[in-house]
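Two complexes come next, and they have one chain in common, chain A, joined by chain B in the first and chain C in the second.
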Partner chain A sequence: MRFALASASLLRHGPRTLLAVLGVAVSAALLLDMVMLSTGLGVSFRALLTRQGFDLRIAPRGTLPFDTEATVDRASEVARQLRGHPAVIAVSPVLGASVHVPRADGSIAATALGVDQAVQGDYELLEGVDVAHDGAIVVNDAFLAATGARLGDTLELATGYDPQLRAVVGSRRLVVTGRARFIYLSADQRAVALRLPVLQAMGGAQRTDRVNLFMVRLAEGADADAVQRWVGQRIPRVTAISTASAIEQVDARLSYFRQLSVILGSVSLIVGFLLVTTLVTVSVNERIGEIAVMRAIGVSRAHIVHQILLESLAISLAGAALGLGLGLVTARWLNAILVTFPGLPEAIDFFVFKPRAAWTALGLLAAVGIAAGIYPSWRGASLPIARTLREEAVG
Partner chain B sequence: MSAIPVRPAAAAVAPRPGEPLLIASRLRREYRLGAETVHAVRDVSLTIGSGEYVAIVGPSGCGKSTLLHLLGAIDRPDGGSLAIGGRDIARLGDAEATAFRLHQVGFVFQRFYLVPTLTARENVELPMAEAGRRGADRARRARELLDYVGLLGRERHRPAQLSGGEQQRVAIARALANDPALLLADEPTGELDLRTGAEVVALFRRLNEDGTTIVVVTHDEELARAASRVLHMRDGVIVHDAPADREAR
Partner chain C sequence: MLPLLLALVLQQPQRAGEPPASGGAPATRAERTIAIDERLAADARLGVGDRVVVAGAPDAPGDTVRIAAIVRRRADPAEVARDEYTVRLHLDHLQALSGYGDRVDYFAVATVGAAATGFVVDRINDAAFGFRAHRSADIAVETSRTFAVVSRFHRAIGVITIVASATFLLCILLLKVDERRRDIAALRLVGISRRAVVRAVVIEAALIAALGSLLGIGIGWAASAIVNWHYGAVYRTPLAFALVTPEIVAFAVALSVVLGVLAGWLAAQRLVRRPPLALLGR
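Coming up: the complex of A and B.
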């Protein structure tokens, strides 16, 4: 009977209830989006850093990978030392550089990665073959679009341009053998990968036996922190960062995103709370005589409280159900906009849906629904029956 | 129409043999109206026996409705005592007073106050549901009561689909739902035209003939004449208490 009375009260003013549900739905959608945003980047970065199975990243001392142009010299010696550790099963050196494809009207710039193709973790080959020889490159779609090249074409690539001589330097003729997706680069960033010794040689003496980064894969069950400490002691000119600590650093850098999400999520909850409280209070005020009569004929205060809380909860949950769908749609739309931010790795998402996010949003809205019903239910249950009936009779 | 259906377990409140159903002694109720204190009921004493039909009449604002609210335990007196069926009503807490009203008192109001979104039958079922009666049992009794008030064919109608007289008859059926010891009515014909008002008067008379104790507050002379006893109130005091002029009925 309580459920029937609660639903009947809501249906009595159907359009008004619908508007309130829509209002809560907007609030719920924003809340879900904020919950997804607060964890999305962290989850996304975690997936990015762990997807290739590397446990340590080793960069020039005091730097983060590719945070500066600093390089590690005598890289082959470092690689040999690293491979000497019993827990290390693979070492992938990476050198980054800018390259140019000379054209009659100038040149097309791109990012080049010198890699050991046997263990590299920077790109996923989509088509063709990997850099199987010194004359091969694999490129991404943005590079192909900018240069108009196709697989099998031979291109001239240079590592620099001398404005005084008006000539490119470190030039090589290389064959496009594969099309790839570069995991850590943005989709619109033109990129090529070639063998590490080739890129080092193209850079001249400045890049001889130098790399920007080593990615290290450890045996299963190995203690990454212990290897990290070992690297710090044995090779003091580098900094080793474990994936776990990299994730921690990313999380720390993303804390302002979480704060923003918490603030906006809280605002959406407060708006939802006020909306439901206002609507249910108005509804109770309209039924004040009816409630007084119910109390007069023996309906308990608990019944009145339950009925009004049910109304409040029903609005919140209906809004939440609608809002979760709306939130997923808007999150997808917003994500599509945000991932086009220049320089952002292609694999990064701002909004990542996890069932836990939906449950969190639903739980919070249910709590808000109950909280929003407290004042109107207290008002309804504490009506002075005789006075209300007297005033209703006069009114 | 059948005789009033009575629930077997009814009449949990029953006066001792020879004692009146209701004994009020020096009942007093005051309330503030701005800076002024209104003495709505002043030292009212009365007794009402089981099966009596009492009408309370008097000018507006004389304290009739306040007295009725006190008798029905929806308001608490500021002084005096009130016993119904030997039970002290004046000192009941809210939960006890609510349970007392649910099981022992039936209320009928001037404005009917049916729940507009429930059908006639569901409105009658409401006090029974609150009393914890099972669905099939209360539906059966609701149909019996609607039959008693002449509305069996209208049980699925909502209040908006019923006339004023029909709504008041549903409200009377609702008041009888839990077999109250006492039926209290506050201007039950106040919103009705002459014809439908007369129907309600006849229904009250029949209810009383079938054994229901009734106290009705009214301006309606016809309704008052139907009573066995009429109390005249003025300025919060019962100024005249006499049997109704039965010859005039």
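Coming up: the complex of A and C.
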């Protein structure tokens, strides 16, 4: 009975109800987007960091991985110390550098990573073979497009230029043996990977036995925090960063998006609340005579309250259902804009759909729907019956 | 000529007037000076005249230097999110401390004009591999790519909020006009023409929309002041994060009035087409 009366009341003013549902739908879409934005980056970044199974990143003291040009010297000694910990099962050293492919009309610059190919976690091989020998490089699509090279081609790579001698320095002829996707680099960033000792040798004295980063894989069930503390005590010239603390630091740097999502999410809830409250209040005002008649023939206050709350909830939930679909579409649009940030890894997304996000948005909108119905239902239930009937009859 | 700034370590602050710390620069060498940014000065409680030890690494001995100036950070969006300190040294001093040798990261070159800039850029790029000359304008475009993305994101969010607020406004104005159906019926019964009724309703809706938008501008202005105050304190920057410009005000008022007129016209058309007695419920 309550459901029938509530739906009849909403259908009586179809265009008005439809407009309100549309308004709530847009608010719901924005709310879902903001819930997705508030958690998406963290979820996506965690997936990126844990993708290759490394639990700790070890960078020069006081720096984040590849955030500065600082390097760790005596890298082989650090690697040996790390491998000495019983919980450590793999240590992957990485050295980064800029390399140039000399051309008649200039040069093509690229990012080079010196890796230990047996344990590396920086790229996924798509085609060909890995850097199986010192003369091999693995490259990404952006590098192939820029240089026009193919698998099997031999290229000259240099790490610098001596202006006094007018000659390249740190030059090697290397064979492209594989095509790969570099996980932590953006898709448009030209990249090559080669063996760590080769890149160190190409970099000269400045890069001898140096790396920018160690990635450390721990045994199943090992306490990453304990290993992190151990590294801090035993090797004070480096900083160990766990996946959790890396996410915290990235979160802190990108707190703007989290704060924006809270502000816009709150605004969308307030807009939805005002819209539903106004609509239902006007609807109640228009039929106070009808409500007074119902009360006069014995319908209880609770019945009136339930009916009006149902109307409010129905508008909110219908808008939410429509808004969730709309929200997914707009999230894709907004995500497509944000992933064009320069240098952002290809695998990072700002808006990540999780069922929990949808349930959170739905729950908040249901709560708003009920809250929005409180005032009009109180007004409907507390009408003075006789006076209202008299006023309605007199007109 | 602009040098690279490395992550230097500052140790052992001494207040102005105190003797230099032991283990600092040799007494025979002239005392070197540095400039620090005001964020570092505030956090480390340093002032002009204080002496500190700067070193290229935490375990390196370093040099004792005197703080000669405290500088204000530029209102540069690129530096906002970077929670770090800046120390400015003389180039040769930084090269010596960092063991960088006779190297710099880049040269900033002033030219006599745009034509000369093009000539210099071409000559440098033709002359030597290993160097690359860029126009400042091109670098500005490249470094502002991040903000171009943020700007596009803000515009997209703006479109969504405009759609939401437009729907809200349309709905509220339809309700508001619908509430006036008895008044409209009375006007029609005393002989007021349909056109006059529609015009009156549209004017009323436009006025409500204009007044609402003016109130909204006040709220927006207060919100932008709070945003600027909050983020200015968080990031310790003179940057303005939110601005209410005349163009934004004009757009908001125009959009509200257009929507108000549209909603008023739609609602009025619905009402004047019905017989006046039906509007009164008879």
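Keep this in mind: the second predicted complex is superposed on the first by the 382 of 395 C-alpha atoms of A that agree within 3 Å, B and C clash if a C-alpha of one lies under 4 Å from a C-alpha of the other, contacts with A are read in each partner's own complex, and residues count from 1 in each chain.
Rule of thumb we're sticking to: contacts are C-beta pairs under 8 Å (C-beta built on N, C-alpha and C of every residue); 3 or more make two chains touch, one makes a residue touch a chain.
Bear in mind the structure is a predicted one, so any value in this text is a computation, not a measurement.
Contacts of A:I337 after superposition on the shared chain: chain C is touched, whereas chain B is not.
Contacts of A:V262 after superposition: neither chain B nor chain C is touched. More residues of chain A lie in touch with C than with the remaining chain of the pair chain B and chain C. When the two complexes are overlaid on their common chain A, residue A:A145 makes contact with neither chain B nor chain C. Once the two complexes are overlaid on the shared chain, A:V282 sits against chain C while remaining clear of chain B. Of the two partner chains placed by superposition, only chain B is touched by A:V299; chain C is not. When the two complexes are overlaid on their common chain A, residue A:R390 makes contact with chain B while staying clear of chain C.
Remark: chain C residues 7, 57-59, 81, 83, 125, 128-131, 145-146, 149, 152-153, 156-157, 160-161, 163-165, 167-168, 170-172, 174-175, 178-179, 280 touch chain A in the complex. Partner chain C is touched in their complex by these residues of chain A: 15-16, 19-20, 22-23, 26-27, 29-30, 33, 61-63, 68, 70, 100, 102, 106-107, 160-163, 166, 168, 236-237, 252-254, 256, 264, 267-268, 271, 274-275, 278-279, 282, 285-286, 330, 333-334, 337-338, 340-342, 395. Of all the residues in chain B, the ones that touch chain A in their complex are 31, 65-66, 69, 72, 74-75, 94-95, 98-103, 105-107, 109-111, 113, 115-118, 122, 125-127, 129-131, 174-175, 178, 186.
Here chain A touches chain B in the complex through residues 1, 4-5, 8-9, 11-12, 289-290, 293-301, 303, 385-387, 389-390, 392-393, going by the rule given at the top.
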